[in-house]
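Take a look at these structures.
Next come two complexes built around chain A: one with chain B, the other with chain C.
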Partner chain A sequence: MMDPFVTFCLRMGDNALILAQRTGEWCGHAPALEEDIAFANMGLDLIGQTQLWLKLGGEAEGKGRSADDLAFLRTERQFTNCQLVEQPNVDFAHALMRQYLFDAWHLPMLDGLTQSSDERVRAVSAKVIKEVRYHIDRSRDLVIGLGDGTDESRARMQGALDELWPFTADLLASDEIDDDLTARGVIPDPAPVIEAFNAETAATFAAATLTVPHTGLTRTGGRNGIHTEHMGFILAEMQYLQRTYPGVSW
Partner chain B sequence: MYAQLVETEKAGGTPEEQAFQKRIDDGIKIEPKDWMPEGYRKTLVRQIGQHAHSEVVGQLPEGNWITRAPTLERKAILLAKVQDEAGHGLYLYCAAETLGVSRDEMTEQLLAGKSKYSSIFNYPTLSWADIGAIGWLVDGAAIMNQVQLQRCSYGPYSRAMIRICKEESFHQRQGFDILRVLCQGSDEQKEMAQDAMNRWWWPSLMMFGPSDKDSVHTAQSMRWGIKQATNDDLRQKFVDQTVPQADWLGLKVPDPELKWNEDKGGYDFGEPDWNEFFNVVKGNGPCNKERLEARRKAWDDGAWFRDGLMAHAEKKRAAKVAAE
Partner chain C sequence: MQASLDTVWTWLGEIPDPEIPVISLADLGIIRAVGYDDDKLVVTVTPTYSGCPATSIIALDIETELLKRGAQKVEIRQQLSPAWTTDWISREGREKLRAFGIAPPAMAAANCAGMLKAQNVTCPHCGSEDTENISPRGSTPCKAQFRCRSCMEPFDYFKAI
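And now, the complex of A and B:
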């Protein structure tokens, strides 16, 4: 088993980093200037979160790897983000739904982490949770507004939900690494986090007149480095300069 | 620069116009509700609109490198910069709206190719060093122009400029810092920086617009206090400020005619290729087509989003009325 604490930090950091990559793709291409600004701002928050978690992970690992080393010099199988965040920007509905589903897990998770037995985790999550409260207020409002908007906006949001919902299984998954950390009080018990996620999404989708698909399909594996085919391209793009010119400063 | 194609109207002599001119000469700001000559209003709408579009289109060449920024810190700085530019677009559209044109109208003019944006954004960003060069040179040239616009006679534009200038100077420093690291780095990094310098130098000088002797509108814009300095003066100041910085970085300015002139206390420098400039303004630049297409696509693909939110707001309003 990999070091549980390091793995946890990487999972948190990788989620933020890969979502930031997807978010950053919208700059200059969003449907309104306000959304350009909001997406850049969210990307900025997520990169800040990446720096905090990967730094902590690198320090805990003790091999001298910086946040940048971890971001730019690991391979696909070593990334532990959930598959949800790597899903492509098919349209703005997908981008918003992906953000909302992530936020709906992220907020209760961070809420639990602010009670962590580990002081470093408490410090990081206390800072991050303020940003994430703002993210979910925004993403929830937009999911409701567009779900309960025009026929087209509802159809697009429903389409995004149908496609992305199976990936929430990855978001809510837990394994023996989590069990170990939960037992030590480092991370919250998964049950209340899942409960909060379910309550949040149920209320929002009801207001948005959207329905959670009942196909029972689930997609998991990201947390253990098994990704969808999109992931390799995200890394190829993100890591290109560091890979092409190794060992220099930027 | 952003005002490169603004036309002019001759100042007339009615009592209203004379009183208007006196206010300007006395340094009193013109506010949205004040009487103003139609030419003044039109000039400002065009200039502020072009400036706003420049900020918005300006997101594209830099946004092009967000996913490829070489470190987390650089990525964060670039995201923050692009966010600022979009914010500048927003303030400027608001300033233009005080003159009676809506943001949607201005956007439609941009997308129809009827309203211009700064030609500099029709050049491609081909390497990471280009992000440094844009911050240092392009934001640098923008600041040179905008510092004088802080004193523009039209209140809302002047106030928008004061806000914007503060952020632009951060952008310039950050761009310079990207190049500083590259210039102190490996041979490949130095080469990347020099190549960016070679490609961005002349387009940056062109940002100030054609020479004043060829610029029909400068005189009227200056009389109206819309403009406080001539294109040539601003270009000279920019060269004088930038060349020592290039020397410090160890970058060669790609101008064989560049030479310190002791008598004038400034640099002599070569003439930008104005054929290239007018060609790019006309739509023949390397990225004109891509930039406009990207903005059109964002607008068209986003229609369902804007309509959806409007429909939702309408439903909420109707429900509220029904409940009352």
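And now, the complex of A and C:
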């Protein structure tokens, strides 16, 4: 088992990094200028959050790896982000639903982390949660507006929810690493986080006239390095420069 | 001779924010401490948004300016906690923002329920409170786009965080 604290930092950082990469793909392509700016800005927040978590993970690991080393020099199986954040943009509905589902978990998770027994985790999460409150403020509003919108927008939002919902299992999953950290008070007990996620999504989807699919289908594994087929393509693009010109800097 | 800390604070009050140059770094409330560590001048800075691209420029600007003013050695330290809040923007800074056409952030509104909707935004051009949010994001992550229903002018709002 890898060091639990390091793994936790990498999981938080990798979620933010891969979602930022996906979010950044919207730059110049969003359906409205305001949303283009919003996605780009949010991607920037997520990159900043990535730096905080990966820096902390690198320091805790003690092998001299920087946030950049961790982002650009690891391979697919070494990334521990949940599978949700690596799912492709497809259309605005998918990108927005992915963002909303992530935010609905991220906010209560960070809320718990601000009470962490670890001072460094408290400092990072108290910083990050301020930004994430604005993220969910936007994504929730848009999910409701487009869900309870036209026939076309509603159909697309429902389609995105049907496709992405199984991946929330990965977002809410926990293992012996989490158990160890919860026991030490470093991370919150998963139960209240899941409860908050369920309450948040139930209220929003009711207002958005969307229905959570009850197929029972779940997808997990990302947190342990098992990814969907999309992950390799993201890394190929993100890590291109460091792989082509190892050690290059400017 | 070492400059007094009061003098250093005055200098910092004259360094403009790289993205919103009408306010200074001191106005912004991101300078958390200034002190000497032997002959080294140590300036402790806290980031605004964690991903703000201005953060590294700010550190560079402080170092350059203080060295130019006669400091012998300068070290910039990053401090994450307590996290920066727009409540730390000085009264003068708020006035400067308003005069520049950016509505200053509401006080003590950072963590309120409803976020943007709960923040009363006054038009920096005509002073009207009849304003509407166009987009929760603006030209930078720290701003939102608004429009005044009285004078019809669009403007940036510096979001409370």
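Convention: the second predicted complex is superposed on the first by the 250 of 250 C-alpha atoms of A that agree within 3 Å, B and C clash if a C-alpha of one lies under 4 Å from a C-alpha of the other, contacts with A are read in each partner's own complex, and residues count from 1 in each chain.
Rule of thumb we're sticking to: contacts are C-beta pairs under 8 Å (C-beta built on N, C-alpha and C of every residue); 3 or more make two chains touch, one makes a residue touch a chain.
Since the structure is predicted, the reported quantities are computational estimates derived from the model, not experimental observations.
A.B. asks: State whether A:133 touches chain B only (first), chain C only (second), both chains, or neither.
C.D. replies: A:133: touches chain C, not chain B.
A.B. asks: A:181 in the overlay: touching chain B, chain C, both, or neither? Say first, second, both or neither.
C.D. replies: neither
A.B. asks: If we overlay the two complexes on their shared chain A, which of chain B and chain C does A:41 touch? Say first, second, both or neither.
C.D. replies: It touches chain B and chain C both.
A.B. asks: Is A:146 touching the first partner chain B, the second partner chain C, both, or neither of them?
C.D. replies: In the superposition, A:146 contacts chain B only.
A.B. asks: Taking the superposition as given, does A:51 touch the first partner, chain B, the second, chain C, both, or neither?
C.D. replies: both
A.B. asks: Looking at chain A, which partner touches more of its residues: chain C or chain B?
C.D. replies: When the residues of chain A touched by each partner are counted, B comes out ahead.
A.B. asks: Taking the superposition on A as described, I'd like to know which of chain B and chain C A:113 touches: first, second, both or neither.
C.D. replies: In the superposition, A:113 touches no partner, neither chain B nor chain C.
A.B. asks: Between chain B (first) and chain C (second), which, if any, makes contact with A:68: first, second, both or neither?
C.D. replies: So A:68 only meets chain B here.
A.B. asks: Contact-wise, after the overlay, does A:25 reach chain B, chain C, both or neither (first, second, both, neither)?
C.D. replies: first
A.B. asks: On the A-aligned overlay, A:161 touches which partner chain: chain B = first, chain C = second, or both, or neither?
C.D. replies: neither
A.B. asks: On chain A, which stretch or stretches are contacted by chain B in one complex as well as by chain C in the other?
C.D. replies: 34-35, 37, 41, 44, 47-48, 51
A.B. asks: For the complex, which residues does chain A have touching chain B?
C.D. replies: By the definition above, chain A touches chain B via 17, 20-21, 24-25, 27-37, 40-41, 43-44, 47-48, 50-51, 54, 67-68, 71-72, 91-93, 142, 144-146, 148-150, 152-154, 156, 234, 237-238, 240-242, 245, 248-250.
A.B. asks: Along chain A, where are the residues that touch chain C in the complex?
C.D. replies: Residues 34-35, 37-38, 41-42, 44-49, 51-52, 119, 122-124, 126-128, 130-131, 133-134, 137-138, 141.
A.B. asks: Across the complex, what residues on chain C touch chain A?
C.D. replies: Against chain A, chain C makes touches at 47, 49-53, 80-85, 110-111, 114-116, 134-141, 145, 159, 161.
A.B. asks: Can you tell me which positions in chain B touch chain A when the two form their complex?
C.D. replies: Listed in rising order, the residues are 56-57, 59-60, 62-63, 66-76, 79-80, 82-83, 86-87, 89-90, 93, 103, 128, 178, 181-182, 184-186, 188-189, 294, 297-299, 301-313, 315.
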